[in-house]
Structures are given as C-alpha cells and as structure tokens.
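Following this line, the structures themselves.
You will see chain A twice below: alongside chain B first, and alongside chain C after that.
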Partner chain A sequence: MGKKVLVVDDDPDVRLFNTTVLEENGYLPIEAENGEEGLQMIKSEKPDLVILDVLMPRQSGIRLYRELKTNASLREVKVLILSGIAKKTFLRSQQALTEFGESQVPEPEFYLEKPVDEDVLAATIKKILG
Partner chain B sequence: MKIGKLLYVTKFEDLGYDALKTLLSLRQSGLEHIVFMYVIEREKVAMRRGIGYQKAEAIRLKETANIRFIDWAERLFEQGMEVGVYIQVGSLAAEVAKAVAKEEADLVVIGRSHKTILEQFYAGSTVSELIRRLPVPVLVYKPVTDNPFVTGTPFQRPLIATDWSPASLRAVDYLLGITPLIEEVRVVHVADADEIEGSSVMNAQKTRKEAKARLEEICGRFQAQGTAARSHVYVGDPATEIEKAARECRATMVVLGSSSKNLWVERWLGSTPREIAENSAFPTLLIPPAIG
Partner chain C sequence: MTKILLIDDEPDILRVLSRSLRADGYEVSTAASGAEGLTEFERAHTEIVITDIKMPGMDGIEVLKRIKRLNADTEVIIITGHGDIDKAIEALQYGASDFINKPVRDEALSIALKRAGEKIDIRQQLKEYTQNLEGKIEIATRELRRRTNFLSKLIRSSYEGIVATDEHLRIVVFNPGAERIFGHIQEDIVSGRSLAEILPEEMTALFERALNAERAYKEVPWREASIQSKSGERIPVMFSGSILVEGPHKMGAVAFFQDLREIKNLQRELVHSERLAAIGQTVAGLAHGIKNILHGLKGGRYLVDVGIAKKNNEKLRKGWDMVKRAIERTSDLVMDLLSYSKERQPQYEPCAPNAIAAEVCDLVRERAEQEHAELVCEFDPAIDQVLMDPHTLHTVLLNLLSNAMDACLFDEDTGKRWQVTVRTAAEADGTIRFEVVDNGTGMSDEVKEKLFTSFYSTKGQRGTGLGMLVTHKLVEEHGGRIEVETALGQGTTVRVWLPYRTDQRTA
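Now for the complex of A and B:
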C-alpha cells in the first residue's frame, strides 16, 4: 500500500489537483479543508506527509505548522507547504510570532509557491518520501 | 470584552486595505485573527438561457478576489496576525451568517449596502438582514476619506445614541467593555419634538434636564473606567439629529443598539439604526439584540 499523504487546503479544486497527482504516483491521499481539521487528521491518521496550504478558514497553515513543530509527538511529521503566500511572508510571520513571545520554529524544509506544475509537485513528493 | 476575531466582508470597491488599517487599533483589545470574505452574488453567475451556469465568470471573480486577499493576508501575516479567507457564491447575508457561526467571529465589518431604495424595499436591506441574522455587532464602515468631518480611527471617539431602550443600553454596556480603545465618548439623547412642542418653557427645560441627568449617569460609568465622556441632548428626528451630533462632536463612529423588529414592520415604518447605517457619513456600529 502506498504512503499516506494528507492534503490540507480549503479550495476543492486544489485538493482535487493534489490528490490526483498523488494517486497517479501511487500514494494514498486523504483530505482536510482547514488547519483545524488538518491537525485532527494528522493526530488520527498519522500521515507520512502533509501538503499544507497557508491561507485557509478556521486555522491557517502558519498556525498549523507552528503547532506541529512545537509538539514533541508531531514534530517529525514531514510537511510540504504549497501556497499562494510567498515563502518570505511565511518566514516573516513565524519570526513575528517568535518576537511576540511564542516558541521558535524551524524553517519549513519544503516550500512550493502556487501555481505548481504537476511534474514538479510529483518530483518534490518523491524527493521527500523517497 | 475581547474582539479577538473580525470578519471583514468586502466587495473591494467599498472596503479596501486602507479601511482595514484603521481597524488594526483593535489589536489593543485582543484582535489577532482577521477573516476576509467575498461573496459572489448568485445572480452574477446564475443559469441564463442559452448560456447556462457561468462557471468561467465565477472562476474569474473568485481568482480576482483571491489575488487581492493574498496581498492583504501577506501584510497581516508579516505582522504576526492570523488570517483566513472565504470566497463563496450565494446570498450575502446567508453566507456571512454561516461564516460568523463557523469562525465564531466577534465583529463583522461590512461596507454600506449598494442596493437601491426599491431593491431594499422588495429584497430588504443587507444591513437589516445581517442584524436580524447575526448574534455579533456589525460595523457598517464608511471610508474616512469620504468625510472631511471624520479624522481618526472608528473606535477613537464614538458617539453613542440612547433612547433608554434595552437595545440602546446594551450598546452602552458593549462600549464599556472596550474602553481601552476609546479616547472619548459622546453620549447623546434625541428628545421627541412632540415632548417640547406646546409645552411651557419650564416643561421643555425640565425634559432637557431629566434627559441630561440620565446621560450624565452613563457618562459617569465611562469616567469611572478612565474614559472621557460628555453628554448632549438634541431635539427632533433621531436620524437627522444623531448625524448632526456626530458632525458637531467630530465623532469617529456612531454606535446604536438594534432591536429585533419584524421584517415587514421595518420595511413599512423604517428603522433609525438601519437609516443611520445606510445613510450616515459616519461608520456605524450596530449592537444586535442577542448581545448581553
């Protein structure tokens, strides 16, 4: 059975694109439509990779990423950020939150800005999951 | 009282990022999460004979909104704020109500209604519909740049109008919960012209003095919290006089309590909060019946 990949994105068209790429490459996709639902699914489904959008209702990807990286039992979950929000904004945001007294979190290892080509997405997932 | 999460409902031409910036003072009262919302009205993309559902138009509108929101969100994220977004096709009031429930927002900010008087009569005003549906305050925002009388941010110098009704007293309580945001508050009562007309000079003065004493009681509650407050009595049509008072006091916002009038009663007889929200040059904060 293929590795399990959680797609967290509020846009159903983007979820469809991502899950199709995942299925075509032999992975098992599961979906969540916001950060809050994503966190619950990470805890219950224990995916091998999370493809995470940033700008979403309920809880943004910035907050979810921070929750993962500051939780000892979830810290090792692999995350690929896939968003229309620029990487530099993501980093500045995390820096601002750290300056406000929250814990420091590591930079995301994998970050793709939308729009993304399906070959690039597939290659990046393969690189992460091996 | 904490205003932690704000739902910012925009059609872009009515509420831009500049308007949002004037609301960032709410961070002092705990604002940390802004949710943007754009509703594509169903009739814009609805089924048409020979064309069908206009999916391409829906995608174009959605992506145009998304691009604007990404730009705004980037600026807010970089300030350490949490940001969310909803872009929906549907009826404005219904979609806003759904988003408020889902997000548990503390305040809704919306531009003034663009409906014509005739549309408002038949379909109802968006503001009235929102007030009826929402359990949270609604700020009907008017761009400060449109009004030479308004300088400052909305919560800086609010004017609160009271007729001693439970709805207006609830609005007083709401403002008392956010005094750290307020520099000075003006408390106004508009006496009915009939109360003065035909009565003696002494009776008219008695009416004024009684109203003034009650207003001073309210001012005292603000002053006890360290917020400057002044009282004023006006006479005449409430909507006209409140507007006049706001201008004379150089208020930055008008605050009103809203009662839950029956839809048809409101359409036929009108409503002061709705009239002010729709027509005043000042941003108008409406406190709904469900609060308190």
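Now for the complex of A and C:
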C-alpha cells in the first residue's frame, strides 16, 4: 500500500497534475480544494505528506501551515509547499503574522515554486517520504 | 539780555536814553551818526535799533534800509521830530517796527520796546516751530523713504513676477521675477509699454474688465494660464491680479506671476517615475500570472505524455483540456493587458444602464449560487435610455461584480451570510452612480493602496492583477470617477459615477 499524500489546491488543473504524478509514482493521492477542507482531511485521513498551495479561498496556505505547526498533534505532518508565490514572500507573510503577536512557526522544510516539472516534483516527494 | 543800538547825532539824547535803557536792563551801545551806527551794528548785531530820523550825512531812513538789508529780523524803531509824519510813514513802509516822537518820553519808549520785544519773541517762537517742523518733516521723509525702499526691495527680491501698471495699463513696475518669466528686461518694459504687449489678449481683457468695473471684479483670483516669453516660449504660470484703488480713484493694476515650469517638470518626472515603477510591478505581477499558467501547461503536457505512453484516453483528454485552459488563461491575461495599455475613446451609444446592469447580474448569478452569496439588484427606475458607452459599463460592472464574488469566496469568516448588491442611481449632476457592495473579506489599507496603482493580485492564479486597473482606466476614459470604501473583514463598496449624454447630436 502506497503512502497517503494530500493535495490542497484550489486549482483543479494543479490538483489533477499533482495527483497524476503521485499515482504514477505509486502513492495514494487524496484532494482538498481549500485550507479549511484540507485541515479537516489532515485530521481525518492522517496523510503522510501534505502538498500545500498558498493562495486559496476560505483558508490560505499561510494560515493552514500555521495551524499545523502550532498544533501539537499535527506538528509532525510533513508539508511540501508548492506555490506560484516565492518562498521569500511566504516567509515575509509568516513573519508579519508573528509580529502581530502570533506564535513563531518554523520555516517550511520543503518549498517548490510553480511551475514545476513532474520529475522534480516526484523526486522531491520521494526525498521527503524516503 | 536784549541788545539795543542807539543812533542819534545829539550827544545829550544819547546819554539820557542810554542811561534810562540800561536801567531797564538792556545792553546798550551807541553811535553818533548813521555811518557809525552801521559799523556798530555789524559788530554788535543788536536785536533792536533805535535811530533818529533826521541826522546829518546818512539819515534814519537810509540807516533803516541798510540795517534791514543786513538783517531783516532786526526791529528798528524810528525817532521822529515834530511834523515828520510823512517820514514816519515812509519809515514804516521800509519795515520800521514803530516810531516815537521827540521829545522821547520814557513811557512811549517802553511801549515801543515792549512791542518790539514781543515781535522778537514771536519771531523766535515761529523760528523754533519752523525748525521743529522741518525736523519732523525730515524724520517723516526718512521714514517714508525707508518704507518705500523696503517696498521696492520687497518687490525687487520677490521670486514672483510682479508687474504693475498705471490706470491706462501702461507698465510702471517690472521686477526681476517678471524679467525671469517674460524674458524682457525692465528698462525695455518700463518705458510706456502697455500690459497688452506682454500678456495674451484674454489676460489683458481680465484687467481691462476689472479696471472698468464699477464695484465688483476688483480682484483677478489666482488661476493657471500660460504666457509667451520674449523668445516665443510658452510658459505655464499661476497668476492673479488686482486693481489698485486710492479712495474713489483707480491708480492702476498689479499682476503677480508664479513660474510653473519647474513644478510642471517635477510633475512630469514624477509621472514618469511612477510609470517606471508600475512597469516594474507589471513585470513582477505578470511573472506570477505566467508562472501559474506555465504550471498548468506543464501539467497538461505531462498528462498527455502519460496518456500516450499508457494508451490511456482519459488521461490524454484531461491533459489536453488542461493545455486548452492554459491557453484560455494566457489569452485572458493578454487581453487584459492590451485593454489596459491601449488608449480607447468611449463610444457613446443609446443604451439602458439598468438593462446592462441586469445583464451582468445574470452572468454571475450561477456563480453566486455556487458560492452561496445572495445577489441583490436595486435599480433606480428613474434611469431611462441614455447615451453612454455600453462596453465600458459592461466591463466595469462585470469586473466589480466578480471582484465582489471573490471577496465573498476568499472570506475566511464562513459564519457570514454573504451578500452582493448592485445598485444604480440617477445623480443630479448628469451622472449615473453604479454601486457594487459586498460583505466579504474587505481589504487591508495596504491592499487598498495598491488597488489602482499596481499590477497586484491577492487571488493567486485567479487574478491577472489587472482587473481594477482596467476598470479604473475605463472609468477615467469615460470621464467618470471611482471611489472605494472598504474595511478588512467587513466588506467593500465600490461606487462608480459615469456621465452620460442625452442628446444624439452631441454624441
């Protein structure tokens, strides 16, 4: 049985791309189309990895990432951020929230900027999940 | 002590009178003839001279004339004999102050001396007054000169151009500031040149009107205009003027000019640098949009590859669909970019703004239902068919409505009942107000600031970052204006006023 990977992205094309890469490489993909739905699925499905977009309606990836890293029971969930937004910008947003009095969160371990080639994506997932 | 010169050819009289006068407290010198008297006068400069009229050699009349010539202020009292009345009158005509008859009585003499003394006092007082007055006039003149100097220095050193004229609009003041602006030098201008020679017709007309107006229009308020310099250059200026009045009389006019060349240059530079900054932001914004599209293209190509390799038609089809959507997005982006960068004149056509608003609402109704947002239309029935650019109205409303929908979609407060309201209202100033109100996510000050000035999107792959720029541009091209009111977490109201025409002939 392959490892379970949750794809959180509001763009159906991106979800299709990512899930196909996952399937082709022997993983078990599941999908969520916004941060809110993503959080529920992380809790219920307990995926091995979350591939997370940043700019999404309802709840952004910035917020979801923060939820994961500040919740003791979810902190160990592995996260790969895959976004059109540069890592620098993502970090700045997190920094701003910290400055507004929210707790400090660690930098994401894995970050890919769109557009990304399927082999880079597959290699990165493989590296994370071993 | 008052000094008296006593002249008489009779030594007895001299002796008696001088003793009596000295006793009265005068300083007395004596002379026994007219010639001797004059010599003594020139030495002693007495204030009063008493002279006998009938003397051998130079007589009293001659002595009087000469003394008066030497010092007109000297009081000369004539002593006359019996029957000398004609001589006495002659003496008075030559400026004698009094005459007394022989034999000289002390009483008559003291009266004459008293009168002479009073005259001397009065003359002295008058002299003091005069000197005082002269002093005061001198002080006043100095003060006046100081103020005049101050004013003329003020006029000279003013950076503003100051041009003043007499009541016939002939130039009398032309300061260095004016020289800088007009390029003429003062010497050429302040020699009977008239205002009309250096100012454009309509500006001169303003002054003529103000000068001829009975009461009103004494001031020409600040306004922007342009003048032509000596070299023919058009120079933008701010100018104002006023008519100089003294009591009921008009003295002339004065005009003030501020050179706007520097300011205009600065503004141009500012606009230029803002545009450069916008281009920089465009590139960043575009790069982001293109990155997302490229990701879709790569995904599509990958699915097609997988489909071909595995002879999986479903993957092939899905991949191809992704490629097609990426093409669609590219085309949207390019179209937005084009409509932002291209100048477009509004095309006025008869149209019904309410009908266009309703049409746009129909376009987004399905999406509103999907996103659980209530769509409310409130159209002003007073709005009839008008001349307006339907394309502008359609695009603007569609942009604003889809923004309002996005604002609800992106709202993290899922407890809300989202509502989007579209309102139209006829305004009294010949415009129609279009209002799109949502109670969605609202904007932070930072986002609001970037709304019209940069290619900026908070919507990830959904936005090109151009929607509000295009909207703003269209509204401006149509001569309208746009206003945004927003509060983070509470929603946004966008109001657009578009002017319309009613007469086909003016279209």
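Things worth noting here:
Simple rule for what comes next: the second predicted complex is superposed on the first by the 130 of 130 C-alpha atoms of A that agree within 3 Å, B and C clash if a C-alpha of one lies under 4 Å from a C-alpha of the other, contacts with A are read in each partner's own complex, and residues count from 1 in each chain.
In the analysis below, contacts are C-beta pairs under 8 Å (C-beta built on N, C-alpha and C of every residue); 3 or more make two chains touch, one makes a residue touch a chain.
No experiment lies behind these values; they were computed from the predicted model shown.
In the superposed pair of complexes, A:40 makes contact with neither chain B nor chain C. Once chain A of one complex is fitted onto chain A of the other, the partner contacts of A:93 are limited to chain B, with no touch recorded for chain C.
Residue contacts after overlaying the shared chain place A:84 against chain B and chain C alike.
In the superposition on chain A, contact of A:118 is made with chain C only, not with chain B.
In the superposition on chain A, contact of A:55 is made with both chain B and chain C.
Contact with chain C, but none with chain B, is seen for A:21 once the two complexes are overlaid on the shared chain. Residue contacts after overlaying the shared chain place A:63 against chain B and chain C alike.
On chain A, the surface touched by chain B in one complex and the surface touched by chain C in the other have residues 10, 54-59, 63, 84-85 in common. Of all residues in chain B, those touching chain A in their complex are 35, 66, 69-70, 73-74, 77-80, 82-86, 99, 102-103. Taken together, the chain C residues at the contact with chain A in this complex read 288, 291-292, 294-300, 302-303, 306, 315, 318, 322, 325-326, 406, 409-412, 414, 458-462. Those residues of chain A that touch chain B in the complex are listed here as 10, 34, 54-60, 62-63, 84-86, 89-90, 92-93, 96-97, 99-100.
The touching residues of chain A, counted against chain C in their complex, run 10-11, 13-14, 16-18, 20-21, 24, 36, 53-59, 63, 84-85, 113-118.
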